[in-house]
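Can you keep this structure in mind? I'll have questions shortly.
Chain lettering (A, B, C, D and E) follows the sequence in which the chains are written, and residue indices restart at 1 in each chain.
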Amino acid sequence: MDLATAIGLLAAAGMLVWTLWSGSGGALSTFWDTPSAVLVLGGSLFVVLTTQALDKFLTLFGVLKRSFFVKRRTVAQIIEQIIKLGELARREGVLSLENALGDVEDEFLANGIRLVIDGTAAGEIEQILEAELEAMDGRHSQGKGILDTFGKYSPAMGMIGTLIGLVAMLQSMDDPSQIGTGMAVALLTTMYGAILANMLFLPLADKLSYRHEEEMLLRTVMLRGILSLQAGDNPRVTQAKLSVFLPVNLRDSIEGPGGPKKEE
Amino acid sequence: MDLATAIGLLAAAGMLVWTLWSGSGGALSTFWDTPSAVLVLGGSLFVVLTTQALDKFLTLFGVLKRSFFVKRRTVAQIIEQIIKLGELARREGVLSLENALGDVEDEFLANGIRLVIDGTAAGEIEQILEAELEAMDGRHSQGKGILDTFGKYSPAMGMIGTLIGLVAMLQSMDDPSQIGTGMAVALLTTMYGAILANMLFLPLADKLSYRHEEEMLLRTVMLRGILSLQAGDNPRVTQAKLSVFLPVNLRDSIEGPGGPKKEE
Amino acid sequence: MDLATAIGLLAAAGMLVWTLWSGSGGALSTFWDTPSAVLVLGGSLFVVLTTQALDKFLTLFGVLKRSFFVKRRTVAQIIEQIIKLGELARREGVLSLENALGDVEDEFLANGIRLVIDGTAAGEIEQILEAELEAMDGRHSQGKGILDTFGKYSPAMGMIGTLIGLVAMLQSMDDPSQIGTGMAVALLTTMYGAILANMLFLPLADKLSYRHEEEMLLRTVMLRGILSLQAGDNPRVTQAKLSVFLPVNLRDSIEGPGGPKKEE
Amino acid sequence: MDLATAIGLLAAAGMLVWTLWSGSGGALSTFWDTPSAVLVLGGSLFVVLTTQALDKFLTLFGVLKRSFFVKRRTVAQIIEQIIKLGELARREGVLSLENALGDVEDEFLANGIRLVIDGTAAGEIEQILEAELEAMDGRHSQGKGILDTFGKYSPAMGMIGTLIGLVAMLQSMDDPSQIGTGMAVALLTTMYGAILANMLFLPLADKLSYRHEEEMLLRTVMLRGILSLQAGDNPRVTQAKLSVFLPVNLRDSIEGPGGPKKEE
Amino acid sequence: MDLATAIGLLAAAGMLVWTLWSGSGGALSTFWDTPSAVLVLGGSLFVVLTTQALDKFLTLFGVLKRSFFVKRRTVAQIIEQIIKLGELARREGVLSLENALGDVEDEFLANGIRLVIDGTAAGEIEQILEAELEAMDGRHSQGKGILDTFGKYSPAMGMIGTLIGLVAMLQSMDDPSQIGTGMAVALLTTMYGAILANMLFLPLADKLSYRHEEEMLLRTVMLRGILSLQAGDNPRVTQAKLSVFLPVNLRDSIEGPGGPKKEE
């Protein structure tokens, strides 16, 4: 899991519990009301379910898991890997890439290299890999969409719960001393909705979105690298073409063809 | 009907009724006020009517029905069907597809195959089918638009109702003990508006939107498949071209040309 | 006027008056405060005027009138008319279309046919008519823009009025029994703003927007039909090309070339 | 200055003052609190300054002035001017346009004509003038951006001021009779923010935006006209090409080549 | 640092402190509550961390620093520099540009000139430099994204804090005289959130966004200038091509080829 995400989620939750603890003088139960929690959590779950087909809804967990646990690699690592493949192809021919496929963990990159080995034309490789990218884009934006939908409907369910609570309280306002407690309970659903949306669903949706952009960048680097392999570019040219994807200050840190660049 | 949507709508409604029941101590009528309900429901209906031509408004129900009840098919099923058609065309010629048309339930796919049988050029097939897609896109976004409009104006009508109720209550504040009841009734319209928008109209609009994306994906697969048929591609090539639309882990599960892929 | 819009506007207004009537126990004047009405209506009028040039502002009424009162025609009617023109052109030559121009009420369609009669090249016809469409698009979006601006500033003026009323009331809170009346009057501007925006300006803007889409669709059908006429297509081909703009279930209802399709 | 904008701004301001006057029983000072005004106006000014480079910030006034005071011309006037230039070029040759340049007030149009006189190729003229349009677009959207930023942060500063006032009041609630006054003062910042945003900054930003669209339309007509001049089109053809930018009902009112069209 | 930004940030902060000072009668501590500050600041920090990968999060500071402290140059300065380079290249050949590289501080411009010296084809130069621009665009929008995320979640954390405070206060409403203080503390989190978002995070995000547009414009001028160098344009032509990026009134102030333009 990304370290920042793990730290962020846990620390935010911890801080919330601590605030509730000190706010209630140690009696966390002050902030707990089962019907309210059921309405907000259950209500948003069912509303989101309404918007989805069952099989799509279930893919959410796969998308989440893959996003958080897949090993992250940097653009620099991808560039170095492609340069090494380029050197191999130059030295021993394109067919020799077959042996190197075992080291290529990324399915997308491996597919591209297989297309190069098969001698597919550049235009066709580009077409096939871009169709893959587009399809991946669709799957990712669907996962993000479900989280966004949760983030949209949980505050709405919170507001509905508070309105119900307020109406119920106002209708039976016999004992003015109960107004405070009634309003406190009514506000709990709004609070639950706000917490769920702003500390869970929306940050995770944002996370998916950033992670998606990162993956698309990696894939674009791979695509350009594969096309450079196919064209039989000199590994130095490949490096020059790909390093534009790095910030200026990181460009020299790449291990170029024939060993670290510093040693040239 | 999609299972998730049916479950979602019913469960959310059930949960709402249960919350109202327990909130009012079993007297659901606490939450019912006929004039308020008429204002919110009738008001949003008439306002939405204002924005529409009558015939367009009436198509909404058709769009809704078709979206929820039409049999869903997966991308994998479409791919398998197209591969089978490709094998048939290869074995017995393109004209033999005529006999297979009976098994093709989807109107769009059938149209495309008819164009292939008639020997229409690839560019023209693409043009015709893309015009169909665009027109379908327009019809769908119109249906979604009506639901979105409902979702936009029903909370607004709720707010207008609450403002009217508050003004009426404040103007005639002779008996302070009536303030609670007055405010409770005034808040009911806001509550109705929030419930209608967030538990009915907007989720259904979201549903239409997801369903639409799904159909567009299916149609895109069909279009690519039809063009592959027209080009006389080897069914294996067709499969390769179309399987980019599947997530990686599902690609092997497709029943390829000449029986299940596993048996090769 | 479109029936739905007329019904919608009148019914929504009637329902509003009825709610106000019953809310005030028959004394509608409870909800009327001349300074508040002047501030909200006058204020939004002047603010919208600020955003506009005078001549543009005055075109709004023309756009509104034309949108609501111009006779609506369906896509099917346009297709049938173009097919008839196509048959005429086939039978008696393109020049004979001159005589049929009297039956063509739509200025855009008539222009296009004149270009065909003049023997203008297909590319040029497309260019000219698309420039017309673009210019129409600009004029329409301007009309909608003014209504949207009204819908944006009238609630803002309502809020400003309520803030003024609250401050005035709070400053002179000598007699607590007057608080209710003071707040009621302060809330009236918010109520006026919400009603103007949500029951008049925004629905009319939405109406213009739907109406615009509808007209653009009709114009697109006309454009394709005119190009088909220019190409000298067989009327059956024209019908096939244009009927993609109809929902599947309406396609057979078109009166095709040589009489109703059923009789073939 | 555009008449509508001048009337709108003055009338809205007048109406506001009148409302404040009558709301406070003639004591306008009820609505004035210097620290509140300083916080809202100064705060938004400094926040907007934070978002800008100093030189860009200062261009705002130039953009505003030019937008409001530059003489407006209509599309029809531009078309007539271009037709006259076209007739001159036809009669006495393109070089004779040099003498007519003195009558061309618009810098953009004059530049274009100079390019035609210099015998620049059509493609190059288009490229140069479109680069000008793009750069103008950037400058205008920057001016509008500053006003939008003001319109975004002034209500925010108003809300911050109100929160500060509420907290201060609630902390020192010794004398309940002072609550009214305290809240009134706290609300003033929200009121100032709402007035500044909705009656000054946002309407002016909208104004710039409409004015910008109008100018872009004029420039587009000029660009097409210049290209028509370059192509040596018959002035009648030029008129036909340019009049699509006019609404249908205004097209006949243009003074065409060789005198008013009616007299032909 | 940009002067306007420095002034804006400091002045806004000063004004805020002054308002708090005078609002609390000199006791700033009235507005300070450590748990509230920890919740809002810590909470938004952790939520933003959730949305990010750690390394990306840390780049924020670099982006901020570079945006505020890098020396700004104007479009006019860039144009003059490119014209001088063009004169040098004309007089002493393209290779002589090598010696002038020392004076070119901007990495992007220097890269482009190196490509010209190497005799790279125009199309390739454009491709490489546009890839650089795109990558820069991505890095900048990421930095802005983090600030926007802060600006989105800090008011949300403020609202959550206020809800917690209200519930805690309402639950333990034994002593009515404490209500004021309780509400004051509850409102503090909303106030902190509003201040952080509207006086720090969002203005800085807007700043980055304007600064980014400015840099993209500079880079575009550089790109066009480099292509003009590569084409061996006469420096006067280069000046004409680039000066469209300047407002009309600044164009004559550029020091053209062969000394100030005035002297010609």
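We take it that a contact is a pair of C-beta atoms (placed from the backbone, for glycine too) under 8 Å apart; a residue touches a chain by one contact, two chains touch by 3 or more.
The structure displayed is predicted, hence computed values, not measured ones.
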Once the Cα atoms of chain C and chain E are superposed, what angle does the rotation have, between 0 and 180 degrees and to the nearest 5? 145
Distance between the CA centroids of chain C and chain D (whole Å) is 26
Could you put a whole-Å number on the gap between the CA centroids of chain B and chain D? 42
Where chain B touches two or more other chains at once, the residues are none
Ordered ring members, chain B first, chain C second: B, C, D, E, A
Quick check on the complex: what are the chain D residues that touch chain C? 2-5, 7-9, 11-12, 15-16, 19-20, 22-25, 30-31, 72, 74, 180-181, 183-184, 187-188, 190-191, 194-195, 197-199, 202-204, 206-207, 210-211, 213-214, 217, 241, 244-248
Within the complex, chain D is touched by chain C residues 35, 38-39, 42-43, 46-57, 59, 107, 128, 131-132, 135, 138-139, 142, 145, 149, 153, 156-157, 159-161, 163-168, 170-173
